[in-house]
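Before we start, here is the structure in question, set down as structure tokens.
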């Protein structure tokens, strides 16, 4: 177990999140069970007040979670220096059984919290607050995922063994790896990249046709295919090395931290894409969500495409 | 809407803070002190780590000592040849040195013996050997700390060393080397190996230890184990071992400190919560008025949040800057003693200025979010007060 | 304009004790009317104002303002309603003494984050109306009683509300200031505002521009 100050900080903040999250959870349960917008009872008035507290807590957690996530990545990088074999965050994530699940869970939770906040903002615009029960019910479910993440994070940091050797991204992301990674690589770049651009075309199509649900679904798929192609294809052009598939290394200074930009664009584009489908709102807002989503997704595609194109222009060949 | 940031609200928040001046000044001061303390600790540890790393660079790669009865004992000089025969060893030198207790001042001097015709194992020594002349007449070159000690005890041009048998050896002062040569130069006296041997009553075949230089730094640990095999009763220390042992003591101290800090933080949390909850009727009235003239609960919450943010960020920035001043300008009196407890590292070295963005983030995460968290519930309580009852 | 239908308001002090501030109150106030609610302290007239301002919710009954049910509004919307429709003049003015006249008047609009020019425009209108434009940057605690009064009234009017509510506005004033206030009321009435005043100050009784005087006693309206 490493107890560096960074890890300690993350654990302390997690403790605070857990504490406040539980408060929000208790309130959510109460509100979910007893909320009655038409009642004029004392209970209802109390619930109204409590819903503000719950909302404030969720906003607070999310506001800290985002920079903390970045900090988490920095921390992984820092730990990789003391963990034999790890050269970037990927090695640290892979050092325990929990690392990968934790990472995916963290990202899912980011989407969930962001979604809750958008739902909440929409809810309070209406006099009868129509989505209150829905949003608190949703939070009840989200809470378990959230606590799961905190517990998992604690376990993961506790389980990192300094004595044990870990693999570097070179082995984790190679086609010879024993896991699902290998199967993905087996599909072949041409197919994967084609799916990627096809998906983007679908997004564009549904954007212009303004088909909400199809647009959202296309965005959901886009998350998956983007990350896959990023690892198998586009990443190699960022590194200019056909065997370097690491999803973490371009977060480092060697690559001008471009990784952060890439992931930010992807998150924002797909998140707003999901919002158009899954949040009921007025036409003006919906249009705004469409535009934001499409803009970020397009920027993402352009940014990623530039790497292989520029490489080809500079060198005359593909990798 | 102009921009997303409501400057009117920020202005109001600042005003509200100033209206509760004494309470808020107290909070800001406490918070600044906490952040300053925390930042100082991190700055000091960062600087020492850096200093440590650079020092370790200068340390010999492998030191071989002879052990007898669990204690360090003189080693035989002919072991040098054995070691030189190992593949990968580029150089092995027998060192003659020791600690001499200067009774008058109650301090220890480090006596380092040099042989003019040998390649020195340390560059700083090479410089000294080049610039000064150790001739047949015993003379020595000393560090500034030694010179000071000597002068304080009225020894100006020579020093009388007391040998183990009680007799004295007079060694003339040949020169003083400047402080830039080494970290440890302060209490060091350089003289010929012969003189050192004489003062410590060591035979010609004895040496204090042997330092080994390895051609390929990656092979240090392998060669160290080979040396150990050849000399089972020897203690073989690599520079990595030294670094790790310093680091461990160091990390241990940081860990203890951090644990204490958490307790302080918790106390702080409780104090803030309490302070924020204790609303004067004045404050309650103000909030009541705001709601009566049309502020929503969210608006009041936002304003309270701005208040927390302003206080905590302000205190954070102040704390970080005070710490910078405290550590790098004042050189962290008192505090650095906690971390610098090694006899080898003399206290007069200067903490180098290391700027680390991650440290800033670390301190930020350990302070601002915690303060804001402490104010969430009290702010909410205020914001949801029934305006009706307050205005009566 | 303002309609109270069978409004009852009970305050629960603790588990066993409660106070009935209003009992089955029915009230109709037309637009542009100036109504004076007469009654001793504790008669319930202040509660009526609170309810019209949506500062408190009736235990039972309904309140309609301009046809809209405001009795059950959630806090957010109640505040917005208040901000846009009601100008409240308090007994003790309740200005922030350390802020300037300008900041005090604009206080209700702070959360709106209006464009500088829009805010200034609104400010100018009310400052002119109540003759305090020359004191825009003065700090309120340095003003005279009369000037503070006008600032309080200006604040109540800054967002051009349709309804003005005043709770014992002259309770802390001397006769001169009280009369000055009455003159301002006349001014407001001429602007077409609907005005409801809760007071037991006899200066208000029998005034020519008052449309109705309603007596409130023990939570009930006496006709």
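By letter and in written order, the chains are A, B and C; residue numbering begins at 1 in each of them.
FYI, a residue touches a chain if its C-beta (ideal position, glycine included) is under 8 Å from a C-beta of that chain, and two chains touch if they have at least 3 such contacts.
The structure displayed is predicted, hence computed values, not measured ones.
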item: Middle chain, criterion being Cα centroid separation; value: A
item: Maximum centroid distance from chain C, chain identifier (CA atoms); value: B
item: Busiest interface, counted in C-beta pairs; value: B-C
item: Gap in Å, rounded to a whole number, between the CA centres of chain C and chain A; value: 50
item: Whole-Å gap separating chain B and chain C, where each centre is the average of the chain's CA atoms; value: 65
item: Inter-chain centre distance, chain A versus chain B - centres from mean C-alpha coordinates, in Å; value: 39
item: Multi-chain contact residues (two or more partners), chain C; value: 75-76
item: For chain B, residues that touch 2 or more chains besides their own; value: 297-298, 384
item: For chain A, residues contacting two or more additional chains; value: 49, 124
item: Residue ranges of chain A touching chain B (in the complex, touch as defined); value: 3, 5-6, 8-9, 12-13, 16, 20, 49, 52-53, 56-57, 60, 64, 67-68, 71, 74, 78, 124
item: Chain B-touching residues of chain C, taken from the complex the two chains share; value: 46, 50, 53, 55-56, 75-76, 79-80, 82-84, 86, 88, 90, 94, 96, 98-99, 103, 106-116, 155-156, 159, 167
item: Partner chain A, residues of chain B touching it in the complex; value: 42, 254-255, 258, 262, 265, 297-298, 301, 358, 361-362, 365-366, 369-370, 372-373, 376-377, 379-380, 383-384
item: Chain A contact footprint on chain C (complex, rising order); value: 12, 57-60, 71-77
item: List of chain B residues in touch with chain C within their complex; value: 1-3, 6-9, 11-12, 15, 18-19, 285-286, 289-299, 302, 384, 386-388, 391-392
